[in-house]
Amino acid sequence: MNLNQLSPRAEMEDLYLPVMAEIKETRRLTDLETLYTVELPDGRDLGHRPGQFVEVSMFGIGEAPFSISSSPTRKGVFELGIRKVGLLTEKLAELEAGTKIGIRGPFGNGIDVEKFQGKDVLIVAGGIGLVPMRSMINHVRDRRDDFGRLIICYGSRSDRELLFTEELEEWEREKRTEYHVTVDQGSPAWKGNTGVITTLIPGLDLDLPNTVCCICGPPVMYRFVLLALKSRGLADRNIYMSLERRMKCGVGKCGHCQINGSYVCQDGPVYHYPDIKTLQEAL
Amino acid sequence: MTRNLDINVEHLTRVEGHGNIVVNMKEGRLEKAQLEIVEAPRYFEAMLKGRSFHEAAIITSRICGICSLGHQITSLKATEQALGLEVSEQTVLLRKLLIHGATMQSNVLHAYFLAAPDFLKVGSVFPLVATHPEVVLRALRMKKLANDIGDVVSGRAVHPITPVPGGFTRIPTAAELTELKRKLEEQMMPDLIATVETMKALAGEIPQFERPTEFISLRSDDDYALYDGDICSTDTGRVPDSQYRRMTNEFVVPHSTSKHCKANRSSYFVGALARWNNNHDRLCDLAGGAAETLGLKPGCCNPYMNTIAQVVESAHCAVDSVAIIDRLLQVGLKDEEPNQEPTRYGTGIGATEVPRGILYHEYTYDKQGRITAANCIIPTGQNLENIDDDMKKLVPEIVDRSKEEITSWLEMLVRAYDPCISCSVHMLDVDFIE
Amino acid sequence: MAQKPRVAIFDFTGCEGCELNQLNFEDQLLDILAHVDIVEWREAMDDRPGEYDIAFVEGSLSTPDCIKRIHEIRRRAKVLVAVGACAVQGGINGMKNIRPIEQVREEVYGEDKYLFPTLPALPLRAVVKVDHEVRGCPMTQIEFLKVFTALVMGKEPIEPTSSVCTECKLKENECVFTKGMICLGPVTRAGCDAHCPTFGQYCTGCRGLVPEPNLEGMKEILVEHGLSVQEAWKRLQLYNAVELEGVRS
Amino acid sequence: MVQFFLESDRVAEFVTHLMKRKPVYAPHRKGRKSYSFERTRDAAGVVLDYPRVMQSVKKFFLPPREQLLSFDLGDNTCRAGEVEPLDAIFLGVHSYDLAAVGRLDHNFSEGRAERNYLTRRQGALWVGVSYEPDEYHFAGSVGIDPYDTEGFDIFLTRLLDGYVLEVLTPAGESLLEGFDLPAHEAGKPAKKHFQQHIYVPQDRLNEVMSASYNNPVWEETALGCVGCGTCNLVCPTCYCFNVEENVDITVTKGSRDRHWDGCMLREFSEVAGGEVFRETLAARQRHRVMRKFKYISEKTGQPWCVGCGRCTAYCTAGISIVNIVNRCISDYEKSTVSAIR
C-alpha cells in the first residue's frame, strides 16, 4: 500500500514530548487548591481558547490534564488552578517558583467564543468548575463590549472553599458583572446565600432567547442545574457544558476519554448540550 | 569441671527458616544440647490430597524456595514412576543440568553469604560490600550465572516453571545453551578457582572438631550421583531407593516441628560432605584438585568441613554442566512434548541429591490420576538428630571457652549443615484414609 | 531523599522463596543497597535494631506466635509491604484451611499433635493494615522493583488489576488453551508479564484473583476444557483458597 | 494487470529473493498450533498457508510497548523516544489485516498526526496472500474478500500447486526484478465461501446498533465473559493505549511508556476520584462492539471491524462477536416488524 499522503514530514511535531515551562509564581487558593502561573520558553504565548486544557507532567511521577484558568487575553503567562487529589497534584503542590514542569497543549475544543458574541453570557460553576470558567469570565470582562450581560452563578461547599476570593470581590463590585454566589454550608462569618447552586437559578432575570449558558462542575451539580435551567425555559441549544474524563494523550489517540463515540479531548471538553443529551455515558 | 551454662539462641540467623539453639549445662553435666525447630508447621498433606498429577510438583516445590528445583525434580520422578511415564534422554540431561545450577546456586549462597561472615567475624554479607567488594561481586556473579541456568532451562530459578511430568513445557534453544556454556567456561571457571583461593585463606578459621557418624547419599555406577542412584551408607553400602523408609525411620521429638531420622546409628549425616565421602572417586579433576588444595580428605568427619565440600562439588557441577550442554548440542535439541499419558496408576518413589542432601518423595495415585498418599523426607530433617549429637559431643570439648565463643561455635556448627528449616517442617508424611 | 529509608525483611509461614528472590537481584542488589539501609534480615544478617521505614513481609500467619509478631512489626514499621502469595492472599497455605484443622493435625502428628499449636493460614491483611503488595509465587521480581522504586521516590506504587491474559497477548504467546491445557490467566492479576505461559506452562493463579472476578464464568471455561466442576474449583483454590472461603463452589 | 505463476516449490526461492531487497516480515510457526509475524531469517520458516496470526502487523507500527520519551531526573530534561521507519516487506498478509492497517492509518493521521506511528509506517511494502476462511473469519460481511488486492504491491492467490502472483504497483514490479516467473494465463480460482456471516449489509448496521443500546444481549454475554481483555488485545483495529511512568532502580533516569490497553478492562474508563464510567462487564462489551460497528463507522463510513475473527477465536469464554451482532439484528428486525403491525 502506497500511502504517500501519510508520509510524515521530517519536522513533524512529537505529540507526546512536553515543553519545559517555568512556574513563575504559586499562590495558595485554599487548603487544597493552588494557582500556578506558568511561562513557556521565551515567554511565548500558549494561544489557547477559554475551556481548553493542557497536559502537565513531572518526570517520574506522571502526566494529567488540567484546565487553563487564565483568559487568552492575558499574554506572556498562563494560569492553572490545581486541586490536590492524587500523586501528581500532591507533588505539584510541593513545587516552588522557578521549577520547570512539562506542558503539552493547549488541547480540546474550548469555548467557541464567536458563538457567544453579542449574547448574554450565563456562567454556572460548581466548586472547582470555576477554574476553567474563570478563563471565559475574564475573557468576557476583557472584551466587554463584544458581549451582552455577564451573569455568574458560583456554588461552593463552604465559604472556606471559595476560589479566587479577591477576584470574586472584584466581580461583585463591577457594574457590568452580575455575580451570584452560594455555599452549601456557610461558616458563622458567612453573610451571603446558603444553599445548593440550583437555588440561584429561579431568581435570575434572563432574556431567554438571547442567553447562552456554560456549565461546569461535578456530575451531581450539572444534572440538577440542567433541570433548573430547563424549568426556567432556557432552550437546549443555548446550553454548553464542560465535561471531565481521564485523558492520557490529550490528542485523540489513547481512547481513555471516550463517551460513547465521542472523544472528550477532541469533541470536548466543552460540549453543545444538544449533541450529548442523548449520549448515555455523558451525563 | 563444674560449669553452669545456659545458651539460648532464638531465631538463629543466616539459615533458612526458624530454629533456636538451646544448651543447658548444670555443674558440668550437660542436660540439654539441641536445635529446636520452631518454624510453623506447613501441613502440605492437606494441600496435596486429591490433587491432580499435574499439580503435585507445583505444590511440593513450594515446600521450600531454596530447594524448589530439587523438590520439583524429585516430585516429577516419583509421579513418573507411579504413572509409568517414560522420559527421554534429553529430559534427563536437562534435569541434570538444572540440578547442577541449583546446587551451585545454593552452595555459593551458603559459602559466601551465610558461612563466610562467620569466618570474617561480621554479622552479614553487607559489611563485606565495603571491605571486600571484589569478593561480593564475584559471589553475585557466580550466583547469577547459576541462576541463569535455572532461568534458561526451567523459566525461573525459584519455583521453576517448565519441568512437568513427562518432560518440559519449553525446550531451551541451542543459542541459549551455547551462551550458558560460554559463560560457564569464561566466567564460572575462573571465579571457582578464585573461590578456592578465598576459601583456602579462610580455612584456618574452620573449627577442628570430629565425630565419626554414618554418611548417607546416592551412589551410581556412572557419575557423581545427584539425579539418581542407589542409597549408599558409609556403614552398610548400597540399597535401592525403594528401601528408603528403612534408611530414614522418621520419629517425632517434642522440641521440633520437623521429624527426626536415623538409620544404622543414633543419627546420620546427609549433604555435600556425605556425597564427598561416598563419591569422591567420581569427581572431575578440577574438583579433585580443589579438594586437595582445601585439605578435604575422604572419610572426613568434621561437620564444619561441609562448606568446603560444597565448594569442591560446585567445581564438579560447573565442569559437568559444560559436558551436558555439549552432549545436548551434539545430539541436537528436539521440541518434544511432555509424555503425559499414564500407563499405570500406583506408587512411585523419587530420590535425588539436592544441595542439603538426599531428598525422597513418594506418591500413590488413584485411577483418576489424583494423589491418595504422599510422603516426603527432607535432608534437613534427616540431619537434625546428627546436629543434636554433634552438639552433645562438642559442648563438653569446648566447655572452658567463653560463653560467646561456645555460642559462636554452635551457631557455626548449625550453619555448616546449611539447614533448610522451612523444608523440614513441610509435614507430608501421611497415608490418607479414604 | 535526605536519609536512606531503613528497611527490614521478615518471614512467616512459607518457603522463603520470596526472600531468596530478593537475594537473586544480583544485578541490582548493590543499587538497592545504595538506596536503603537494611536493618533486619534474619536470613542474611545478625543485627536487630528497632524501627524501620519499610518492612517487607513474606509468608502467611499460621500460629498464635505469628499473630503476636506481625502486630509488633506493624507497630514498628511506617510502611508495611506484603510480599508474595502467602502474605498477600494466603497462597498455597490456604489450602490447609479447606479441611478441619484438628483432622489435619492428627493426620500429620498423630497423638503428638498438641505439641504444635496451629491456626488456619491467614494473609497479613486479615490481621494488620497492609500498605502495599508484591504478588506472585515467588514474588514477581519486576513488581518488587517497581514497588521498591516507588517507595524510595515517595510515591504510591500502581498495583495492576487487569488479567494475565492482557500481558500474555502483548507477548503473543501461544494461548495454552490452544494447546489443550487449562489456564487461570483470565481471572488472575497481571504484573508478572505472563511469565508461566511464556514458558509454555499454564497460569496457576499465584498472583491472586482480579478485582470482582467472574468466578462462574471462569468455572464454565474450565469445565468447557474438560475439568469436572469440582476439579475446576480445586484449581481455582490452589492459591486463592482463603479468598474463596465462603464463596459457593 | 500482469499475472505470473509461482510454483509451491519456488516459494522459498521467492522469499530469499525478497530478503535480498529489504528485510522481510512474514508469518512463522509459533508454539505448537499458532502463527506469528516475525522477521524472516530463514526463508524455509515462512508459512503462507495459515488461518490467522494472533497479532496482526499492527504490532510493527504500534508496538505493544513503546517508549514515548526518556527523562533524566537529575537535570529535569527529556528526549523523545527513538522512532525509525520500517523499510521492509510484509509478506503473506491477509486482506483483512491490510484493511485494518488502513483503519489505523486513519486514526493516527486524522486530527493531529502521530509521528511515532506514521514514521514506522513509512516505506512498508505489501505482499498479500489469499486464505481459506475458517470457522471464525467473517471478513466478507464487512466487505473484505479473501482475494481482495486493494493496497497490496503484490498479491498471491493460492492454487493447488502454487500461487497466482499479481503485480499491482510499480513498487511491486521493482521487487520482482531479477526473479523470473512464467506468466499465468488461466483465471483465478472461484471465490471461497465464508462460514460466518453478519446478516445485514454494513450500511444498515449503524441503524441496527443504534437501536441496540438496551438489548439484553449485553447482560447475557456478560454472564460468561470474565473481562480478561483478550478481545481488545488481539484486535487489529484496536489502538487504545495507556501511559505509565517507569523509573529505573537508581532513581536517576526513567521513561514514559505506552502499552496497549482495552475498553474491556475495568480501569480503562476510570476517572480521577475512582468513578468508573462503564462499571459493568455488560457496559464494556457493548462499548467494544459499538466501537466496531457504530461509533467510529458513523464518523468514517466504514465499520471498524475487519472480520478477522480473532476476538472470537481467542476468547477464552467462547464469546462470538458475530453472534452478538446477529442477535442485535434479529431483535431489531422483530421490533420493526411488530412496529409495522
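To keep things simple, chains are lettered A, B, C and D as they appear, and every chain counts its residues starting from 1.
By definition in this document, contacts are C-beta pairs under 8 Å (C-beta built on N, C-alpha and C of every residue); 3 or more make two chains touch, one makes a residue touch a chain.
This is a predicted model, so every value here is computed, not measured.
In this assembly, B is the chain whose CA centroid lies farthest from the centroid of chain D. By number of C-beta pairs in contact, B-C leads over the other of C-D and B-C.
In terms of Cα centroid distance from the overall Cα mean, chain C ranks first. In terms of their C-alpha centroids, the spacing between chain C and chain D amounts to 37 Å. Remark: chain B and chain C have CA centroids separated by 25 Å (rounded to whole angstrom). Put simply, the C-alpha centre of chain B and that of chain D have 51 angstrom between them. The distance from the centre of chain A to the centre of chain C, each centre being the mean of the chain's C-alpha atoms, comes to 44 Å.
Multi-chain contact residues of chain C (touching two or more other chains) are listed as 153, 200.
For chain B, the set of residues touching two or more other chains is empty. For chain A, the set of residues touching two or more other chains reads 60-61. The complete set of chain-chain contacts reads A-C, A-D, B-C, C-D. Those residues of chain A that touch chain D in the shared complex are 1-3, 5-8, 12-18, 20, 57, 59-64, 85-86, 100, 102, 244-246, 248-249, 251-256, 258-261, 266, 280-281.
For chain C in complex with chain D, the touching residues are 28, 31-32, 34-35, 145-146, 148-150, 152-153, 158, 161-163, 165-166, 169-175, 177-179, 183, 185-187, 200, 210-214, 216-218, 220-221, 224.
Of all residues in chain C, only 153, 155-156 touch chain A in the complex they form.
Chain D meets chain A in the complex at residues 68-69, 71-73, 76-80, 98, 101-102, 105, 107-116, 118-119, 121-122, 124, 126, 151-153, 169, 171, 213, 239-245, 247, 251, 254, 256, 258, 261, 263, 268-273, 277-278, 287, 290-291, 294-296, 298-299.
Interface residues of chain B facing chain C in the complex, by the touch rule stated above, are 11, 13-17, 38-43, 45-47, 49-52, 55, 58-59, 62-66, 68, 109, 113-114, 117, 123-126, 129, 137, 140-141, 143-144, 147, 154-159, 161-162, 164, 168-170, 252, 254, 257, 422-423, 427, 429-430, 432.
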